[in-house]
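Common to both upcoming complexes is subunit A, partnered first by subunit B, then by subunit C.
Coming up: the complex of A and B.
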């Protein structure tokens, strides 16, 4: 396997050629899907119109593209990448491809937090994100404490996570049933996980939060990769493992919860993106960059599919991703249990 | 001279105390073998040296400074450690795995210097895995895989090499191949500390033998000076005679059951 090395003075970087090629291809695919997303809508806009709109021209259709379609497409890219890395983080920490945030109850926990904010405080965007993150952290702590005797790895944590997920889902249903009608309707619609109707007002704060989290993650991704060698080798080669794990879990919960706060729980992306990315990039461990790029491709594609399938009735992206993801989860479980 | 020392260690896993008031000076530039029966605390001592286990009393010191005060990467540039059964990530190739040994020398802005490249090539050469560089690790035999892990530790370029039962899962030819490699590294000036199962191999290759039982050091010193039938009987509860190894003249334990 060949690598590309760049060196200048004390600065040096090395990238596997395959990772580089795959990343460029993924970026091209993302750009293509994004363009398709900007063209598609109640009225089809030609790519020429889209480019005109992006430069600020194009009259009414330009406003539609800039104000309605662009935030949604960008949200699909950023949220997809955030979900992808969240999946990579938790699958890496648990060293198990099933140890994904939506499987171990973090989405459900974030949703609980958001529901509480929604019913009690009626919630601004920032409050919703805070509530989601706190809910996600409570869920993560719960799973950790319950599975601690088995260590932070293995099927045990995943099984306990599935149980916590079921409990939190029940709590969520209870909150929705007790809520006032308007809140309940909004909450149920939201629970499917959807990018429908997202505007600039909705995505501003989440973009900033996710941007900061992804920068922190980029700075720690080498350590995370080294941690994939197992506790003993990681510590012996200079990884501060306890602190790294804590930071990664906080970043992962932050990513999952922020997306959930805005778009609801979108299943499957965090579960599948890291594994697909890993296989496509033929990279060892659960690498972050392929997971992020694959996540963006998946969510963009899923959201487009959701818009087209029952058009003109908009389908939540979460419904499509759950249908596809459910099949993947069954396959993964069958393979894991077969092996165990 | 001893750069690496253990002073009055108490080592425990939760409630189970393994060692109390354990002290050891590791001679520099020598091959030290730690021997003893199963569960005598020899691996535990090794783990305390590399901070995988925090002593509940006492301290491990490197150059007069407690290892607990070292920054992670600085300690990893001085002490290399090979655990008993390391697990390679899925799909990793030999060169990429050995390159992970360079981690403590790298930073966010320097992920692959010329020195990194040189060290990895030299480490693979020394461990005899240069011709396997592009092979997936999971396709290799147990002996080849163990040499790849040794290469990873060598790429770390540490003065000290600590190995936990490095020969355990190898056939006899590969065991001696690995011990010869460790002896060569010692000859090049490195300090080697290995937990070994086979007392005869320890006598043959080590300059300094540390015999442990029940978490305590029973005897230590040059093999010819400390290894005799009385010691083996005391440490392993094995009646035996000790004769000179016909090839090297070092002590050789022959069970007398």
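Coming up: the complex of A and C.
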């Protein structure tokens, strides 16, 4: 496999040719799906109309496209990429293909927070956001503190995460069991994860937060790559492993918590995107860029499908993402691509 | 030198036997206690009399017809999940694997969702049958696709599980009645399940437990890695196939009778690993005893925690097993396979 080196002054990036090709293809696919997402809706808009709307013209349909469809499409791209990256981080840190932000209790904790808000408080959207972020962060902090002493070993983190997860899940299903049927259904609907009804007001702050986190990640991605090659290699090449792990985990937690707060826990993208990306790009370790692009493609595609499948009933994107991502992973495994 | 040198291996095995005896005694004690505790407390001597010299009193009938079947169910399910957990973790060489990782649980859950959407899951028998069919079908698909390497198998199981859970979640969100039925199954409980026909599932579990004991020596070799196992003369693919069938039977039967309480299958191997010291046969033996202890204690807890009604047993299992697991990992570190 050959590599391409891009140089510009002091900076150089070395990219495997296959990763480069795959990335370009993924970007094209993302652009295509995004265009489709902008065209599709209660009323179909032609691509020409979409381009007109993006430049500010187009009258009523222009407003629909700019104010309703565009934030949702952008959210799918950005959130999908963030979830893919978070999954890659956790699979790298735990060195386990089953690793995902769920492992450290983030999703289950967020769900607990949301359930408490829905059953005890009135359940406004601001309360939901606060409740889910708080719940997720408390759970993640608990897991981290419990697994901290004596170094952040991947396996220990994971096992403690599973224990905390099991307890939170028990609490969750207990609350769902005792709640009124309507409240329970609302809660389960939230827990599926959905982009339905997202507008500019909802996505502005998350975009900024995720952008900052991804810049931090880009600054550390070389070290993360080294760390992915193994503890000895990483230490020998001058990577401060403990600190790197902590920073990476924080970035992953930040990405997941932000997405979850706005869209609910969209399951499976964080789990599947890194594995799919790794196999498509035929890259060693769990690379970040393919994971991010795969995550964006996955969420964008599944959100579109969720809108189309049972139209006019909108399905939660999370329902479709688990089904579609899972099917694709099975197909990939069945084709024996990569070295699984 | 006049002191007798005991070979370390023998000493080790002596300690293992002692621990196993301790665990068995604990199991017996918990079983007797669980027969006595409930909405109507019964003294231990009355429990023993009801078991060995039954008469027609109300106490005896409660013990013999309600609590004994339920305790038996808890023992069977606990042993099945514990041993299935050991097998799946050894086979996949992944300490995160739980018996449901091969798709049994979500297969069962999916079948129950679809079944209640079509009105077939109204009775206990119907629910049981649906769970069995769904679990078996899902596992067959996972085996067909993931055959070849443990990692592929695990990933396929996870992938299929998520496909099925996505589909059934969608169904449940569209059909509130189905959701209402499902949430009671999904919580995992032993309450009332002892009235379902449980002879066949328990017999299946017993047979699979014997099979696991027979297979465990070969698994010992497999735990060292495929190459080593081959050079030790183990028939890797046959051993693995056998273990997978056993896991399916154990986890499928347990899920069918008690719903998803799979956390038992995840935690028991971690608790047993320290005492077993890397030997798969001992690990299986410990798991077969610790699993029932955990489930029986949880079941007692589920009956006494609330003054009115019952807490689902899966809830108690999580809050009993979770802290123990955290303590064990922090105290001894996560033992690799």
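Here, the second predicted complex is superposed on the first by the 241 of 340 C-alpha atoms of A that agree within 3 Å, B and C clash if a C-alpha of one lies under 4 Å from a C-alpha of the other, contacts with A are read in each partner's own complex, and residues count from 1 in each chain.
Heads up, the rule we're going with is that a contact is a pair of C-beta atoms (placed from the backbone, for glycine too) under 8 Å apart; a residue touches a chain by one contact, two chains touch by 3 or more.
Quantities reported herein were computed from a predicted structural model and do not represent experimental measurements.
Look at A:240: by the touch rule set out above, it reaches subunit B but stays clear of subunit C. In the superposed pair of complexes, A:192 makes contact with subunit C only, with no contact to subunit B. When the two structures are aligned on the shared chain, A:226 is found in touch with subunit B, with no touch to subunit C. Contact with subunit C, but none with subunit B, is seen for A:268 once the two complexes are overlaid on the shared chain. By the touch criterion defined above, A:164 reaches subunit C but does not reach subunit B. Once chain A of one complex is fitted onto chain A of the other, the partner contacts of A:214 are absent, as it touches neither subunit B nor subunit C.
Greater residue coverage of subunit A by touch, when subunit B is weighed against subunit C, goes to C. Residue overlap on subunit A between its contacts with subunit B in one complex and with subunit C in the other: absent.
On the side of subunit C, the complex with subunit A involves touching residues 94-97, 145-146, 148-149, 151-152, 154-156, 158-163, 165-167, 169-170, 172-174, 176, 179-180, 183-184, 186-187, 263, 266-267, 270, 311-312, 314-315, 317-319, 321-323, 325-326, 329-330, 333-334, 336.
Those residues of subunit A that touch subunit B in the shared complex are 1, 3, 5, 7, 10-14, 219, 222, 226, 228-233, 235-240, 278, 282-285. Taken together, the subunit B residues at the contact with subunit A in this complex read 50-52, 72-77, 79-83, 86-93, 95-97, 100-101, 103-104, 106, 108-114, 116-117, 134, 152, 156. Within the complex formed with subunit C, the subunit A residues making contact are 96-98, 146-147, 149-150, 153, 155-156, 158-160, 162-164, 166-167, 169-171, 173-174, 176-177, 181, 184-185, 188-189, 192, 267-268, 271-272, 275, 310, 313, 315-316, 318-327, 329-330, 333-334, 336, 340.
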